[in-house]
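In the two complexes below, chain A is the common chain; its partner is chain B in one and chain C in the other.
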Partner chain A sequence: MADIRTIADDTGGEEPRTLPVTLAGVEYTPGPRPPRRRPGKPGPGRWVLRLIVVAYLFFLVAWPVSLVVKNTFADGFSDLAAVFDDPDTMAALWLTVRIAVVSVVINTVFGVGMSILLVRYRFPGRRALSALIDLPLSVSPIVVGLALVLVYNSVDGWFGTALDDRGIDVIFAWPGILLATTFVALPLVIREVVPVLEEIGTEQEQAAHSLGAGAWATFRRITLPSIKWALVYGVVLSLARALGEFGAVKVVSGNVLGNTRTATLAVEEKYLNFDKPGAYAVSFLLVMVAVSAIVVVALIRPGKKDR
Partner chain B sequence: MSIEVRHVDKRFGDFVALDDVTVSIPTGQLTALLGPSGGGKSTLLRIIAGLEHADSGAIEIEGVDATYASPQKRNVGFVFQHYAAFKHLSVARNVAFGLEVRKRPKAEIKARVAELLDLVHLGQFADRLPSQLSGGQRQRMALARALAVEPKVLLLDEPFGALDAQVRKELRDWLRKLHDEVPVTTVFVTHDQEEALEVADEIVVISHGRVEQIGSPDQLYDEPANDFVMRFLGPVTQLGPLLVRPHDLDLLTADPGGATSGRIVRVARIGFEVRIEVLVGDQTVLVTMTRTEYGALNIEEGSTVWVRVTPGAPTVEAVTPLADVTALAEEEPAVHA
Partner chain C sequence: MAQAITAPEVAPPRRRHPGSGRLTRVSGLGLGVAMIWFSLLVLIPLAAVVVTASEGGWSAFWTAVTNEQTAAAIKLTVGTALAVTAVNIIMGTVIAWLLVRDSFWGKGILEVLIDLPFALPTIVAGLVLLSLYGPKSPVGVDIANTRWAVFVAFLFVTLPFIVRTVQPVLEELDPEVEEAAASLGASRLTTFRRIVLPALVPAIAAGAALSFARAVSEYGSLVLLSGNLPFKTEVTSVRVLSSIENNNTESAAAVATVLLVISLAVIVALDVIQRRVSRRG
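And then the complex of A and B:
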């Protein structure tokens, strides 16, 4: 025991050492890094770039959104109070929240499963499947809505007629809204998780297997903690997308007041009916949910060096 | 015999990784799988661990057929070249992993982890994350983690390959001592013949998916089975059709009968060793000897000498001619005597 103590704890400094590398037979010792420009002392070019970026974000994002906020509170809290007092608008908001939560749960479970399938397994058609997953992002939501109507409508839809026989309505009912919302937000979790799964590789999972962990224990104790933050980001993006979905939902929901009218549909309805303050107030609530989700994640997420 | 590998074949597409490999690995010993990169030794180790599956053949661990057993049922410890540390878990939790999965009582886990961390000298790093450790420390942590589950066999895949030379050497000595203390059957993969000769009780030389020779380091060095093993373990030179170790050649100033004559073209002294290149016909033969032996011969560059293989020294018929010996000699800085 005493003997093997000789190397104890004196190996602390081995990693940062710069080692000579042999390239094509020529020994090459990495020199000091080229000096980086000190942050905080940008040249004129950088100022121009910064100005462009700030102006771009201001005119495209910050200003319009701030106008929504400004208009919401133009008459103090009365517009917001009116929204909370109106049962139909509250029903629309609750429908949106419920649909968003359920679709996020579905997309999270499905997204993690798909990501593992895409990264950890090789099968024919894998690349085609990977491309197919991006489709919901590239296709216009209104087309998604129409496609769902074609499949699920109760008159001549592929599935719709069979489901109708069993008394299940999809189109012009909440299942249709859920389908449309889930569809449009489908790639977001997968696109966040896949790169991280690729980066962490399989060695940790193999090590867990050899230490006696089964598939579920390995997933829960090793894989899931490794993809945790990617998954959280994917969930937040999916939630924001689900809350804000309009086009596909508009086609499939039928927009029945107090039944299948979602918050975004309520905004449109109010806006078209010259109830601009109401439209702004509901919009403000939608913006707040999405922004607070992103802020919460930014706050609880550890810095890169801590991970 | 602790591990029996019988007639194992493994292909990756057209590439034959293992070709009818049969090996018995003795209980309680430190066995090296030695061979050039891409020779199939890592594949064999991964098949023993259950991380890969053989196309045909059988694996038996401690008398139990493990050919189709999943890795978690084999009770083997596996140490990866790049550590495979669980990045989100502290050092102590890494080591505890196998015990936690086995649902051992908390107190027992705590005691065992403390004991193992002491064994690998990481006691005061228990609460750190792997990213806060050096490479050598991570590898010791990985070793403790593998030992925690009291595996029947410990498998190490190029365990020191990612470390720099100094740490590599320290860890190598340390592994040998650790094994003497915890004599679990251990198999490690290496492409470094010095590492294998120094650490292992038994060496299995594998090349191109085939076992070239199995034996103790002495057997392999003194009785190489073929051309490949001779070349792979230790220095070689060629005299006529024979491969021979440069220190197994005698230089004589007069013909004793049965020796070949040649002319000394170069003399280089590296520390205690003198390297003499002798031109025999169109062959350059490398002879090494101690400084004292060289001094006693009273020879220099240009002298005519007789070269013969020391009686009883191992020689092997050369299958392919050896590359010019001077090229090998010039790899190290030479100081002329």
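And then the complex of A and C:
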């Protein structure tokens, strides 16, 4: 096999069909299939490609990210300890975690329900809905923030004034942050679950149904186990997205210290206030969360193929 | 033969094809609740942007969008997004190809590196790039507050899109077809251009659309890196934000509508690509 490869390479790209007969005559062996030459023997071209890709990713991602780790520990653990000692920063971190968890729960329930509706049912507007569901992924976070402010602000918002009369603040308070965070991560669970639901089909569900299982029992014992890993994958992505949202939260939060300041807003504020060690330390925590999310996802992925 | 003929009769006639279900009372209720939530969270707020933008009429909208500073921001954003998408089309395809068809030590690390920009908060992405390409750069490259900063930030945040859309398609592609082409004397470049590339075009297009949309809407990674200098490094999202902060809601909504239209165009393009691919089977 390797021989074909080298000979074929030597023919060059210009006249690809001048040599085939002799080539095929030399090496072609009918009968049992030759083993797959998946990676092949790396030629010089392959090495050049490898070098380009590794260099590209090193300069664009690996080196810059590693510098955050380096800058965080430039003075040992003192910068990180300062973060944990600062009540305002801790409040920001806790707010971020709480908001992220609630928004992930909302998006998971909504996402699973919406995925089942989109895949298992037919109703007018289904195609438009399934396209619109992806919209939050491509809308600018600033536009998301503006959209929520226009509807929910307490001065002239479409619903905001009515909510304000009932004493509910949305913008410049935590509900606004929750809405913004939920908005930006909305499609992630759906995008993972829908393909799996489409792939598994309905036969098992119908078998369960014809054996007398109710809708809930069918969902819990048949549907849920088969979408389990896609769901976990979607949840991890949503969590990472929710913890890291910045632009939309910046517009709706008002950045009130200890009240509506999230971790990402703290990074910006610390950096602009010349507290670079603090900014790096909080960033380091966020990087750690992002990296562990990806590693979890990478560990799950092989399981995805087994099904 | 007899079996084949009787088979359809054996199958219960009431069996539905996957996905042909009619709404029942429970699922109808579920759809209702989901739609109310989706409308309250996404559709009505986004509609509010368009309505607010149209309140002043076409001339007010046009004035806001063609404002000298805004027009410069839109031009910079769209131009850089196009350039970045072009780079991504090449680099993304090469990276995806290498990840699927090659195996070498450390490939797992590359996989993690590719997902990192998606999982990293954008403000952290900006800080991260600033520490290598900022004033205190260890390599002596200071692109902070220049247009290169916008370019690099876009490149960073859009890295995963084409790789991740092309990769699964490439995995499904049978290497035997490529081997056949190679054994017929096609060089690797010809094989790639005539066998692999046509199969990848829909995936590349989908990834390019996503990456363009992401770049156009980017904000967080530029805050610390680009300096947001008017006429120079100020992008569209920043224009919207400064209008919001100046309480100029109409102008903010007008520019936001432009961004929204781009997002919608990308969504429609993706839908069309997906349908074309599934029709082809």
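Keep this in mind: the second predicted complex is superposed on the first by the 257 of 307 C-alpha atoms of A that agree within 3 Å, B and C clash if a C-alpha of one lies under 4 Å from a C-alpha of the other, contacts with A are read in each partner's own complex, and residues count from 1 in each chain.
One rule holds for everything that comes next: a contact is a pair of C-beta atoms (placed from the backbone, for glycine too) under 8 Å apart; a residue touches a chain by one contact, two chains touch by 3 or more.
Predicted model, so just to flag it, every value in this text is computed and none were measured.
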Can A:134 be said to touch chain B (first), chain C (second), both, or neither? second
Looking at A:214 after the superposition, I want to know if it touches chain B, chain C, both of them or none. Which is it: first, second, both, neither? first
Which partner does A:279 reach: the first (chain B), the second (chain C), both, or neither? second
For A:206, select first, second, both or neither according to whether it touches chain B, chain C, the two together, or no partner. both
Partner chain(s) touched by A:65 [first = chain B, second = chain C, both, neither]: second
For A:246, is the partner it touches chain B (first), chain C (second), both, or none of the two (neither)? second
Of the two partners chain B and chain C, indicate the one touching more residues belonging to chain A. C
Enumerate the residues of chain A that count as touching chain B in its complex and touching chain C in the other. 4-5, 8-9, 11-13, 17, 19, 206
As the complex stands, chain C meets chain A at residues 15-16, 18-23, 26-27, 30-31, 34-35, 37-38, 40-46, 48-49, 52, 91, 94-95, 97-98, 101-104, 106, 108, 110-124, 127-129, 131-133, 138, 152, 155-156, 159, 175-176, 179, 181-190, 210, 213-214, 216-220, 223-224, 236-238, 240-241, 244, 249, 252-253, 256, 259-260, 263-264, 266-268, 270-271
Give every residue of chain A touching chain C within the complex, in rising order. 4-5, 8-9, 11-13, 16-20, 23-24, 27-28, 36-40, 42, 45-46, 49-50, 52-54, 56-57, 59-65, 67-68, 71, 110, 113-114, 116-117, 119-123, 127, 129, 131-152, 158-159, 179, 182-183, 186, 198, 201-202, 206, 215, 237, 240-241, 243-247, 250-251, 263-264, 267-268, 271-272, 279-280, 283, 286-287, 290-291, 293-295, 297-298
Which bits of chain A are touching chain B when the two form their complex? 1, 3-5, 7-9, 11-15, 17, 19, 200, 203-204, 206-214, 217, 221-222, 225-226, 228, 307
For a test of understanding, state which residues of chain B touch chain A in their complex under the given definition. 49-51, 70-72, 74-78, 80, 82, 84-88, 97-98, 100-102, 121, 124, 134-137, 142, 145-146, 148-149, 163-164, 166-167, 170-171, 173-174, 177-178, 181
